[in-house]
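Listed below are the structures to be examined.
Each of the next two complexes has chain A plus one more chain, namely chain B in the first and chain C in the second.
On to the complex of A and B.
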């Protein structure tokens, strides 16, 4: 029994959200518009869709290379981060460890560090080890960048599991490796998925470290896209095509996560 | 034979700790040391210890003070608008209706898109002559703006983009808080005929207050260190119109003045730490009070 006011508000909400996302439709629309229609003073709504901007992004602006770089760097970094975070979070959340809360807080506090402060020492270090503009260097940086949040959010999920499962399983005669493999891992599936995806998203969108530490061989997508603006004429068609290609995976991610994402964000923020 | 659990646990946390010390604490210490040195990226031969000279230099630099002022304006405007709008959206979406579930998913999309992609999108829409925003403004009879291209409107334009991107984050977390209010409380309020404005101020806001504080903290910290979005839309310009702290710090790096850059970075870090400590204190005190109320 919902009141008419509530119902009206729900309808208003649908409209507001639809309008709110307008910038995203606009850029998607622009990415398939013919060149001549993009810069017209009056927005053109009907046109023959084209994929020339997408092709242009690959041919003229090495979009493919940046995509490959981003994929290599972000997947590797996320994978390594997850392994470390899982192990550490398990110890912090579910084992008798003195000072576990303090340690967890210390790890979380690193998340507040402004990237501007540590990017430059990284630059100097990388100069020394000739890691500037290398995939390995970027993977290393992103592991450090994503780890604090990943440990924190994973710990939140693990703390939420019922308290005595391990003890109960032990009484049933399971060793601790099989406890983790057969009980903890399956139960924390959603938590692992959410943590991995968040880590992935942060890395995928990261800009500042990449700006300092890449030049040509290891440039990631955000860098490559931002570079297109520097070109002598700003090609909005090509830029919007690249923007769309960069954001599509993130929209897919949002839909994959759905409910879990809200819980994940809340956990990461609140716990 | 059973291993001591505490030791095993420590052994499991150790890799993470070592990596974080190497990749966060060590660079931080390095930056800290650089703040007290003259160090030039292009002239490595002139490095030397200079005590507080970098800090003194900053304090007498007008652009430094301007960047501080811009960052302050940025934080106050952006965070207050995001909190207000985010709260209103959360109220609107705090219902059980089916379609609203889908809306919750849709509204969060901006949070997941890179500030670079969104910054360029806004820049495109802001274009004074060909941009779609001015087109619609003029369509309804309003004058179009100069947005990011003029000194007096650039900051506002970038703020709009940031507010658009991060308001959903506030909404989502406040929403999680609102939905965490137990059904008994909601039911009791209904029986006592506490409704509308009173329900909001006496029940909802006090109950989600800790969540509000946490979101406020996260938004504040992110606003103090704002970089990507401003950098991609305006590079701090036109002139110095949007030269917020991190962007100015980056231009100092580009000029090769590592010592000054590190000093400024450290000031930003100190401010962030003060904010975090202040908030944690407030939260802690609230929790204590809440517990005492429960006991009474």
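On to the complex of A and C.
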């Protein structure tokens, strides 16, 4: 028998979920509505679904190319960020560096800086190195900007791992790289999953750097969707269809990684 | 000599002197215990031998080879951690064979070796289980098996039984003793449990504040402690420390003669150390020590009686009551006044200032 407090909390939870899901539901609905129903003054709930907006996104706005660009840039940047973050965080968490705590805070503080402050220097540098509108350029920006936060989160997780296990591994004859690969990596599943999700979601939705540093060849999804709004028209149907398609990879990544987020793998290792 | 420590020192970055100039030689096949209270440097010493800490100065030799700059994995030692430190994502078998495969042994050969070790520890049925599925005692056995399977020249054990309940601890203690008797592998064992140290060890090293206080076999450490600290740390209940003076006729406490023994090297004030089992309760004599039995603590076969002396505060150095161990079948009456005598031949004398042991003669 559920207590009244528990029941009330359940109702509040359902209400909050509904608030969060309502816009997504409306966008999904709009993406398959005929143009006339979208522009209707009263909300239309019953209509003949259409895929014309999806087709328009691909044909008129090169959605496929932007999706491919985003996928290449974001998956690569997230992968590289995770490898570098794990190594850096391990060094900060475990090696006896003088002022490791201050250094960690300094690394995080790099993220306090507004993105717009570094967008222009990046633009000038990239111009010099011919990295404007290139996949590599965007990967470098996303790795550089995402790394401090990823290192900070990963360091927190690694500090929680029992030190004895690594010492046992050293006594078993494993070197640093082997310890990271064979011991730390399998035990850091939850930390890696959380950090990867944060990094991926940030990169996938990033707008400012992409606006400054891409023109045609490396344009990402947020920039491409923004082009669907001009001075005279807002293509709500095409925007909604694009947003739905942009959401899909994010949802898939979160679903794939969420099972690794469950804590407790280290249970039984020590005491 | 399996392990030899020469002038070993460890000062941590924060300035703490964890180990202050230790010299210790550990013989082949010996079971030696590093015993002492928290913060005495025993675990740091063990970690220095293991290579998990770098010494500030001094030398460490294992099997005649200086290992100061040798990686932990290449020192030919195996360590059992207090927390077990098993790899939670690996099965018991994988935990036991990791070192062997890293050392280049084939998987089949490593498994065969691990299985043989598992048999001696009764682990055959648990080899495919991960640590999370094992009980505390089983995990401890796997940790022990992981060390044994390597055939090292020396085992290092850091309070390996302290996380087990009393019954299991006793069981594992016997198991350790059996394994050591069979294999005769040199073992350095860290504990703060003096009973464990006395039961298991060939020799006990008592440490305090990063220094060795005494090294000796359990009987010697218990019977002839080098100083007041060792005397008080070893034994439960701890030794009675009594303020005494050297007189023409022997030794007196509270103005009453308690011994006829001579103390050639001492002068003036000394401290007497008398174990609870070396106190004899008897009839009250006019010129002897006496006291009132305030309460008792039955301990099964023996009873600890707490006796309030007439001048307890003045005479006793380390507590308010004189503690006496007597057989449970001896009749004593709480509230009664009793005469007190000491077994003179077993008394220890310490310099009142330095706390160091002084010789007595009959």
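Throughout what follows, the second predicted complex is superposed on the first by the 229 of 271 C-alpha atoms of A that agree within 3 Å, B and C clash if a C-alpha of one lies under 4 Å from a C-alpha of the other, contacts with A are read in each partner's own complex, and residues count from 1 in each chain.
Convention: contacts are C-beta pairs under 8 Å (C-beta built on N, C-alpha and C of every residue); 3 or more make two chains touch, one makes a residue touch a chain.
All of these numbers come straight from a predicted model, not from anything done at the bench.
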Contacts of A:13 with chain B and chain C, given as first, second, both or neither: first
Partner chain(s) touched by A:187 [first = chain B, second = chain C, both, neither]: second
Contacts of A:251 with chain B and chain C, given as first, second, both or neither: first
Chain B versus chain C, judged by how many residues of chain A each one touches: B
Partner chain in contact with A:167 - chain B first, chain C second, else both or neither: second
Touched partner set for A:96, first chain B, second chain C, both or neither: both
First (chain B), second (chain C), both or neither touched by A:24: first
Doubly contacted chain A residues - partners chain C and chain B: 96, 98, 265-266, 269-270
Touch list for chain C against partner chain A, complex: 13, 50-52, 71-74, 77-79, 81-89, 98-99, 102-103, 130-134, 139, 146, 163
Residue numbers on chain A that touch chain B, as the complex places them: 2, 6, 9-10, 12-14, 16-17, 20-21, 23-24, 26-27, 30, 38-43, 84-85, 87-88, 90-92, 95-98, 100, 103, 107, 109-110, 112-118, 120-122, 124-125, 140-141, 143-145, 147-148, 151, 201, 204-205, 207-208, 211-212, 221-222, 225-226, 229, 236, 239-240, 243, 246-247, 250-251, 253-255, 258, 261-263, 265-266, 269-270
Complex contacts: residues of chain B adjacent to chain A: 5-6, 8-10, 12-13, 15-17, 19-20, 22-28, 30-31, 34, 89, 92-93, 95, 97, 99-100, 103-110, 112-118, 120-125, 129-130, 132, 135, 164, 169, 172-173, 175-177, 210-211, 214-215, 218, 221, 224-225, 227-228, 231-232, 246, 249-250, 253, 258, 261-262, 265-266, 268-269, 272-273, 276
Interface residues, chain A side, partner chain C - complex: 96, 98, 162, 164-165, 167-174, 178, 183, 186-187, 265-271
